[in-house]
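There are structures below to look over.
Look for chain A in each of the two complexes below; its partner is chain B in the first and chain C in the second.
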Partner chain A sequence: MSETMVTVGTWLQAFFTIVLVSAVFKDNPLYRFAEHTYVGLFAGYGVALTYFNYIRPNVTKNLLTDGEWSLLIPIILGLLIYTRYVKPVAWLSRYTICFQLGIGSGYVLAKDFKPYFVDQIRATFLPLWGTGDWWKDVSNILFVVGTVCSLVYFLFTIQKKGVQGKVSLVGRYTMMIAFGAAFGNTVMARVSLFLGRMQFLLGDWLGLIK
Partner chain B sequence: MWEKLTNIDRRWLYALMILVIALALINPVGLAIIPSAETKNVYDIIESLPPGSIVWMGMEFSAGGIPELMPAILSMIRQGWKEGRDLRFVCAGMWQMAGDMADQAFTTLKDEFPNKQYGVDWVNIGYKPGGEVLLQQYQNNIIETALGVDFYGNDLNTLPLMKEFTSLKQADLIAIFCTGTPGEKEYIKHVTSPNNIPLIESAISVSIPEIMPFVQAGQIKGLIAGMKGAAEYEVLVGAPGSATAGMDAQSFSHALIIIFMILGNIGYVLTKNKKQAS
Partner chain C sequence: MKKEVPIAITFILAVFYVVANYFTGSPFLATVKDRLDRWYLVVAAWAVLVGSINLCQIHGRRISQKREGWVFSVWLLICLFGMMFFGIFIAKNPSHPGWTFMYNQLIAPMNATVYSTIVFYIGSAAYRAFRVRSPEASVLLFTALIMMLGRVPLGAMLLGGNQALSQMADWILNVPNAAGMRGIQIGACLGGVATALRIALGIERGHLGGTGE
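Let's turn to the complex of A and B:
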């Protein structure tokens, strides 16, 4: 890529970065322009990529050259979804939606149970004492107690009184700690994103950092 | 005074944050970076792979994940290609920019490893639509599932690495770089759990609380947590990069946020008491 194109690309990146960040100070027409440009570019890129990397090779090679006529079934099913825009035949799109729902349900029933339930439940079978490391013993106890109490919190068919009430309270505090950790990680992620842009602006664009 | 503090215009806070980050980036202090156990696991797992092992790199992110994930990708390739290791990488993804992200990573390292050949040491299959169904199909036949072409339009049948690596089940390690769904859950469900292939992940910080149960259950063997994890990994590999450079700025910005939160809460409590008293 020529140096001119790299320079133009860098300046375009800098322009869009500054304009998009300007939204936190005040909503402005340049921000709206940048936002729409980004959304449009991303959508257009996705369509072009899917067409050139998947649809065209599938149709020209597999369908027309190799004669895999069974591919016509998913192609027609996929095209039927666009009938939603034509009111008299919009009902045809239900076939595609039902097919996708059926596949999705089948996947969930067949595949989700072991990794998301069995393996996770098995991970709570931890030694509560005698591991040889006192900190590991404490961690395991906190983990098991926190998990059980959090699950008890979601037993809404029993009134939260007495023992159930106290156990639910422990579960609630455990979840609050977890949400606090999640919030902290979210803040860190957003700062990291902004850091990346600042590194570009100060480094690649202005040359103030190496 | 405290009332003014609780009602301060947020634009001043944003401006202060930008100033702190800019100053920290221009004049870094060099705060210590101590690798965590999860990052060390990733490093150790890569180190334990025999030379010539094939690593599947799942590029499940778009441009928004570059600051946090690209440093980890570069470090992993550097670790895999250092003297005597000669790991081989096959990159693909369920996200649209998977091919572009892999291309960016290997292009960045092109001059550092001039002897590494495309098609022999690494292949970029890129994005193919299908989501988790794709992962299922890659386990049967990669070339057929990818319609025989890689990200650059090359015929996969002509690439020496792909003649040997025909199914995802043959991967010695699966390393994924995720910013959301589809991501690690799909890999665990379809690939690593049924086939017992070790899985390591680099994820953005916002996903970490969601991923930790899988790490705790041993379904994910190692985790590089966001930019901080990437900085730790860069330290372990011995090649400090953009993640390490950003750590001072991240620490100072977090300290600033904590100060804002403390002042805000003190102001809230004092003004609340004052209102109750009056």
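Let's turn to the complex of A and C:
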């Protein structure tokens, strides 16, 4: 990339960074301009990227060059989704949705059960005593109790009274800790992104920091 | 034709997919399953314009009714079609310098900035939502504080160089957080399987709507 393009790119980045951050103080027309630019460019980018990665290779290479004519079936199925914009034939778009949902639900039934259910339960069978490290024993006990109690919280067919109520409450607290951790991590990830943008403004753009 | 055939397609595909995953020794089933996997991606790729059409409908309506900020909608559509046209007809491949320029100098930094500004909104939302009103909210807030302080040098600095906060954050992440998340994941998996079964068996039919019938 030429020197001029690098400079233009840096100024564009700086402009859009400042304008997008300005909304934190107050909504303003420049922010709305940047916001609409972002949405438009990102949507256009997604379409063009799908064209590069899937549509073009399927048509030019697989279909026309290699003669894989069976690909016409998914292509027609994919195009049928656009019939939903033409009322008299809108029902045809159900074929696309049902095809995708058929494979999707089959995938969930066949593939998801083991990693997200069986393996998770298997991994919860931890040694609760005699690991040689008392802190590990305590952690394992808390882990198993926390997991079981969180599951009990989701049992809506039993009344949450008495023992069930107490177990469910422990599950609730365990989940609150999990949500707190997730929240803390999300905030830190966003702060790190923000620092990156500030480093760009003060370093690459203004040259105030190295 | 309008409802029964699509539901039958869903059922047949779901059953086939499950059978093909359990009878892995059959070359026929494996070939058809591989083809279906590819077709799934192709169908999704050809349906990519649905999102853009929705954007055009929403912003087109705003422009035609001259609602507040309609000029921005015009600009959004210019950016949308400009980027699509530039990518498909001018750049023609993802390694084109103009295309990489658009991504590296505009889209990626704007993406990072938009996501980074969310921190201010979730911060203020969290303040309003989690103010120490109930024991649960206090637990959530306290955990979040430990996680945040334990991940930055400030945490150790506040304790005079002691790494206790960082160790606490690690422990919270590996024990109570993992336990809570595991419970949620197992519950979500059961919910997902139940929904998949409902869809495959044609009990759940919400996705057949939205066609004006």
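Please note the rule applied: the second predicted complex is superposed on the first by the 209 of 210 C-alpha atoms of A that agree within 3 Å, B and C clash if a C-alpha of one lies under 4 Å from a C-alpha of the other, contacts with A are read in each partner's own complex, and residues count from 1 in each chain.
We adopt the following convention: a contact is a pair of C-beta atoms (placed from the backbone, for glycine too) under 8 Å apart; a residue touches a chain by one contact, two chains touch by 3 or more.
Quick caveat: nothing in here was measured; it's all calculated off a predicted structure.
*Asks:* Could you look at A:Asp119 and tell me whether it touches chain B, chain C, both or neither (first, second, both, neither)?
*Replies:* first
*Asks:* If you stack the two complexes on chain A, which partner ends up touching A:Arg32: first (chain B), second (chain C), both, or neither?
*Replies:* The answer is second: A:Arg32 touches chain C but not chain B.
*Asks:* Once chain A of both complexes is superposed, is A:Trp91 in touch with chain B (first), chain C (second), both, or neither?
*Replies:* second
*Asks:* For A:Val163, using the defined touch cut-off, is the partner it touches chain B, chain C, both, or neither? Pick first, second, both or neither.
*Replies:* Neither partner.
*Asks:* Of the two partner chains, chain B (first) and chain C (second), which one does A:Leu202 touch, if any: first, second, both, or neither?
*Replies:* first
*Asks:* Going by the touch definition up top, name the partner, chain B or chain C, that contacts more of chain A.
*Replies:* C
*Asks:* Given the touch rule stated above, what does A:Gly146 touch, chain B (first), chain C (second), both, or neither?
*Replies:* In the superposed model, A:Gly146 contacts chain C only, not chain B.
*Asks:* Shared contact residues on chain A for chain B and chain C?
*Replies:* Comparing the two interfaces on chain A, one with chain B and one with chain C, the shared residues are 24, 45-46, 49-50, 53-54, 58, 103, 107, 111-112, 116, 120, 123, 143, 178, 181-182, 185-188, 190-191, 193-194, 196-197.
*Asks:* Once bound in the complex, which stretches of chain A touch chain C?
*Replies:* 1, 5, 8-10, 12-13, 16-17, 20-21, 23-24, 32-55, 58, 70-71, 73-75, 77-79, 81-82, 84-85, 87, 90-91, 93-113, 116-117, 120-121, 123-124, 139, 142-151, 153-154, 171-188, 190-191, 193-194, 196-197, 200
*Asks:* Write out the stretch or stretches of chain C touching chain A in their complex.
*Replies:* By the definition above, chain C touches chain A via 2-3, 5-7, 9-18, 20-22, 35-53, 55, 69, 72-73, 75-84, 86-88, 91, 93-94, 97, 99, 101-107, 109-120, 122-123, 126, 135-137, 139-148, 151-152, 169, 171-190, 192-193, 195-197, 199-200, 207-208, 210-213.
*Asks:* Inside the complex, what are the residues of chain B that reach chain A?
*Replies:* Within the complex, chain B contacts chain A at residues 11, 14, 18, 21-22, 25-26, 64, 66-68, 96, 99, 126-129, 132-133, 147-149, 151, 185, 188-190, 193, 204-210, 213, 216-219, 226-228, 242, 245-246, 249-250, 253-254, 257.
*Asks:* Flag every residue of chain A that touches chain B in the complex, lowest number first.
*Replies:* 24-25, 45-46, 49-50, 53-54, 57-58, 61-62, 103, 107, 111-112, 114-116, 119-120, 122-123, 143, 178, 181-182, 185-199, 202-203, 208-209
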